[in-house]
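Following this line, the structures themselves.
Shared between the two complexes below is subunit A, which pairs with subunit B and subunit C, respectively.
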Partner chain A sequence: MSNTSPLIQIDNLSARIRNEDQTLFPLQGVSFSIERNVRMALVGESGSGKSLTASAILGMLPTGSQITDGTIIMNERNLALISEKEFQKIRGKEISIVFQNPKASLNPVRTVGSQIAEVLRVHERINQKQSHDKAIQLLESLGLPDPKKRARDYPHQYSGGMAQRAALAMAMACQPSLLIADEPTSGLDATLQQQVLDLLTQQVQHQKSSLLLITHDISVVGATCEQVAVMYGGRIMEVGPTELILRRPMNPYTEKLIESFSRSQDGKMTSIPGTVRPPTTELKGCPFADRCHMANKQCHTHLPELAPKGDRLIACINV
Partner chain B sequence: MRILAYIGQRLVLLIVALLGVSIITFVVTRVLPGNPAYLIVGVQADYSTVAAVIEKLGLDKPIPEQYFLYMKQLFAGDLGSSWRTGNPVTYDLKSRWPATIELATIAMLLAISWAIPLGLVSALKKRSITDRLAKILSGLGVSIPEFWLATLLILVFFAIFHIAPAPIGRISRASPPDLITGMYLIDSILTGNMTALKASAKQIILPAVTLAFVIGAPLLRVTRAFMNEVLESQYIRSARAMGIPKQSLIFRHALPNVLLPVTTMIAVLYGYLLGGTVLVEYVFAWPGMGKYAIDSINSSDYAPVMAVVLLSALSYLIIYLLTDLLHFFIDPRTR
Partner chain C sequence: MLQDQLNRDAKKSLTHNMKWWLIKILYTPCYLALAIIFLIALIGPWFVGDPLALSVGPRLTAPTLASPFGTDQYGMDILSRVVNGARIDLLAGLSAAMLAASIGMPLGAFAAYRGGVWDQVMLRTSESFQAFPVLILAMGAIAALGSSMLNMIMVIALVNVPVYIRLTRSAVLPLRDKDFVLAARCAGLTDWKILRRHILPNVAPVIIAQFSVNCAWAIQILAALSFVGLGVKLPTPEWGAMVRGGSDYILYGQWWVSVFPGLAILLTVLTLNQVADRIGQIRR
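This part shows the complex of A and B:
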């Protein structure tokens, strides 16, 4: 296996959710790859399919949903096809995740240390004592004061910031090659946001892992991620180096998304006209066509494919 | 140390609650129509005889004074006497309370052993056959009246198939074991009396099954609902995302969290059973507290009614205290 191949390559990934009364098509041909030792952001409005993409990578799609097409290649395996049992060995070991609400991510009736230690014992050949010692070390390396005592504490005794560190310690315990962070900064104030992003960056850099940062807030991407993928309507609209895309967005959707997060001179905030397209049907044309100021007839009838344009990939027939 | 302070505080509350219960029960029994004096002397007695009995029972005194006298007597360990049975209430309860405890405990254990596993499995395997079976059984359990189910079981297992013995109390075709605890099953085992053990076990099966089915239904529903909730929680999702195997997810991560609401439900149901299960005791001629209480109420027999209500309240309060202590150990948030 050559080291230049991407860590994980997602190709034409499609998923379907079957409820009692309707069928949804939340992912309709998602393609992007994450390189080794790179921090990448997956941005888009809520309902664009970004969290579901993360669930698919972890093999944890909600009940009633399934992958209908496409591949997720990691280390020469297709994660779209492997069994739950095989996935158990990958989760927490090769791919890990931290969620939005770290306190709710920890089991309330077990000590934080024992929860981290269990993850270590599941994936590594170490005994009870060693795993507990290592859990304390991990908490310490994440800057938790008095880690020995803190490991014996329960989640309700932790502050939000400490819980964030504990959840990250658990996720990084087995040195995964990919860490997914699902909206880790939503609901935090600006200073805390920056702390969390710094902590994530520091951890993945230290362990030479890749980061997939899932967020609706494109403004937090710039300082953290080298690559960005913009998602809408279950498809990738534009992928490329963060600096390039933030400074010179080419896809009209990316442009509008960036605009909606930057205040104009008079302090007003703009929003993208129209509402997010519900994924109730399979796409015939561009998912953004209904809201796009540049849309023409063809946009409604032709599904734009991701195509290279300079250093980036873009899915739009008008550029 | 915190736990000792907690227990102390709860014991004080327990006494206050019992005092409250005693006042309410005392006043209600006295205010309700029906004067035991008339029942004791019979309809033919003349006025002076009735008045004499009323005076002898102390019923001519104001209610607060009667209550005060009753409490004085109670603190001396005397629960009064029943005019209906002619015995001191303590003597009557000596056989009836263990009878109720025995039936309630067997029924509770049976209910736990069918309702909790079924509730867990139906939450783990939604829409499976087990899940559907659980729904049907819990639906029947909450809607079937227990006296009807008791009668049905007697009809099928005693009258038609002759598998079960006649519903005539705690033991038949054998003499009771030497009494130690008053619970026949335990006393038979303690004295090594296999004949009595077999005979009393046969008698207790049908009433216990009836109660276990009826109280198992809400227990199943609670178990199923909370297991569902926990399985969908963020911390179970997180643990799964860390590669924790399914077995550990269920037993080490989910189950301890489900134990809290389930033990609370068990406490509520057990407390209810210990208060006497009147209808089932009636159908099976089970000489327990429920039947004793109803018979006493019907004949305005004040002392036994007071005693039964106080004992039920006491069992409830003790069970709740024990449950809270159990939660103290299961749930770190209460510490």
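This part shows the complex of A and C:
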């Protein structure tokens, strides 16, 4: 890995959600870092806390939840501690996000161009005209046909693929150093999935940004990302170069996750026995211990720390 | 070449669209009726006589060709008074509804967007206002403040503010968690900007429809207040006051004094409600 400090470093991040009747602990010591100019995937089942991690990075935790411990260091600032006002300057400018449903993330009653231009005006000192021209340029650079006319269109006049481009143009408008993509391919058919991922990769490379791709589908990771972090039960289980992790997973959870996405020799689909542990209590042992075929007594009582093993980091006491 | 063709097509479809809209608007009777009412209010008074001119001659004359709506007990021409009344009633109705909207809408949007304590305070306050029957509340306020035109407009606006608070609140609530609001927040927009540029444009159709209904209400309340003698006093050509002025004569057969201003109220309120219905339908 490079010698310079990582773009964003998350250390022991813990969060709590207080409802009327219960307290949840969705993040329990998440640690990983994203290098500059690198595409990283955050993979996990639903309920593993991956989306919440993204919300924490953006300072947009849902109401009732708060960060209880840990740091998110970016450019020598701790994002876990800064105010909403400071965050408004960071969002869209240094970190931005594209959502699962691009059409829903565009305002139906305003033209697409005006929405992109608005983001530009928030963060840059340019006037109305300049921002609109730049919005058209952005749409053009993303390969939208006839951008001048299209910028004056409303979101409902866009197709799904075009809306994806528009949403991406909005997110990349101010050349953020980190782009988060929250399940960008779920709900798309296979051909479109690849298109979207290619577009993301191309944009991120072009702008020299980093990408954090959040997905539950480990099969989309291979072609897109250089690094993978596997998350389960609010903790990181394994981090490392994609090739290495996908070829030779070492953490039993990663192994099972990859297995469940590929057919075994006899053509049967496999699944991980058991269900995801609801995050109602703080962890005492490994979050995966209840479902793990390798689990022993120690697994239930010792919280495995993320430790280097070769080129990767792994949290398991049995390997 | 191709680009030119495309541009031409785009222009053609634009003008085509505009024509289509124009046709749709003109052929919808309620819009046309509203336009006519406004036209009468705007330029009508120039075409009829002085609404306050007392006649030394015959009074309470039945409709004739010279005065199509007849004259009242002071010999004043009723047509002229109804036409001039349109100006007063519409102006009062519009300004009261506008005042109510401009107070209620931001408060409701703020309450919904912020939620929590602000929401509760706003809701409970508007509820306690709405606990009183509108007319009783307005009557009480007018009795206390005095019945100048400005007071009337302010009081009518005030009793309508809770309607806007609640309406805007309920329209904004489901929008608050929409992806595009989230996306706008993620793009670094401030709450104020999101409210103004992303949320309010989405609730505009509801508010505009309500505005139309509200104008009708305001005219009704104004007329009702004048009718019970709290509002505008008689020589002023206001529809409600005119209905009251003529009410003493209906039983003696001189129906035209009350009926024509009454019809004016009826038609105006009906039209405004129809328009509100139409606007309501536009939003699918």
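Operating definition for what follows: the second predicted complex is superposed on the first by the 313 of 319 C-alpha atoms of A that agree within 3 Å, B and C clash if a C-alpha of one lies under 4 Å from a C-alpha of the other, contacts with A are read in each partner's own complex, and residues count from 1 in each chain.
In this section, a residue touches a chain if its C-beta (ideal position, glycine included) is under 8 Å from a C-beta of that chain, and two chains touch if they have at least 3 such contacts.
Here the structure is a predicted model, which is why all the values come from computation and not from measurement.
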| item | value |
| --- | --- |
| Combined model on subunit A: subunit C and subunit B, fit or clash | clash |
| Touched partner set for A:18, first subunit B, second subunit C, both or neither | neither |
| Partner chain in contact with A:206 - subunit B first, subunit C second, else both or neither | neither |
| Which superposed partner A:101 touches (first subunit B, second subunit C, both, neither) | both |
| Partner chain(s) touched by A:284 [first = subunit B, second = subunit C, both, neither] | neither |
| Subunit B versus subunit C as contact partner of A:302, first or second or both or neither | neither |
| Which superposed partner A:119 touches (first subunit B, second subunit C, both, neither) | both |
| Touching partner for A:149 - first (subunit B), second (subunit C), both, neither | second |
| Single subunit C stretch clashing with subunit B - from 1-9, 37-45 or 271-279 | 271-279 |
| Common ground on subunit A, meaning residues reached by subunit C in one complex and by subunit B in the other | 58, 60, 88-93, 96-97, 99, 101, 104-110, 118-119, 122-123, 167, 170-171 |
| Complex interface listing, subunit C residues touching subunit A | 6, 10, 115, 178-180, 182-190, 193, 197-198, 201-202, 204 |
| Complex contact set, residues of subunit A against subunit B | 58, 60, 84, 87-93, 96-97, 99, 101, 104-111, 115, 118-119, 122-123, 154, 156, 167, 170-171 |
| Interface residues, subunit B side, partner subunit A - complex | 233-246, 248, 252-253, 256-257, 330-333 |
| Contact set on subunit A toward subunit C in their complex | 58, 60, 63, 88-93, 96-97, 99, 101, 104-110, 118-119, 122-123, 146, 149, 167, 170-171, 173 |
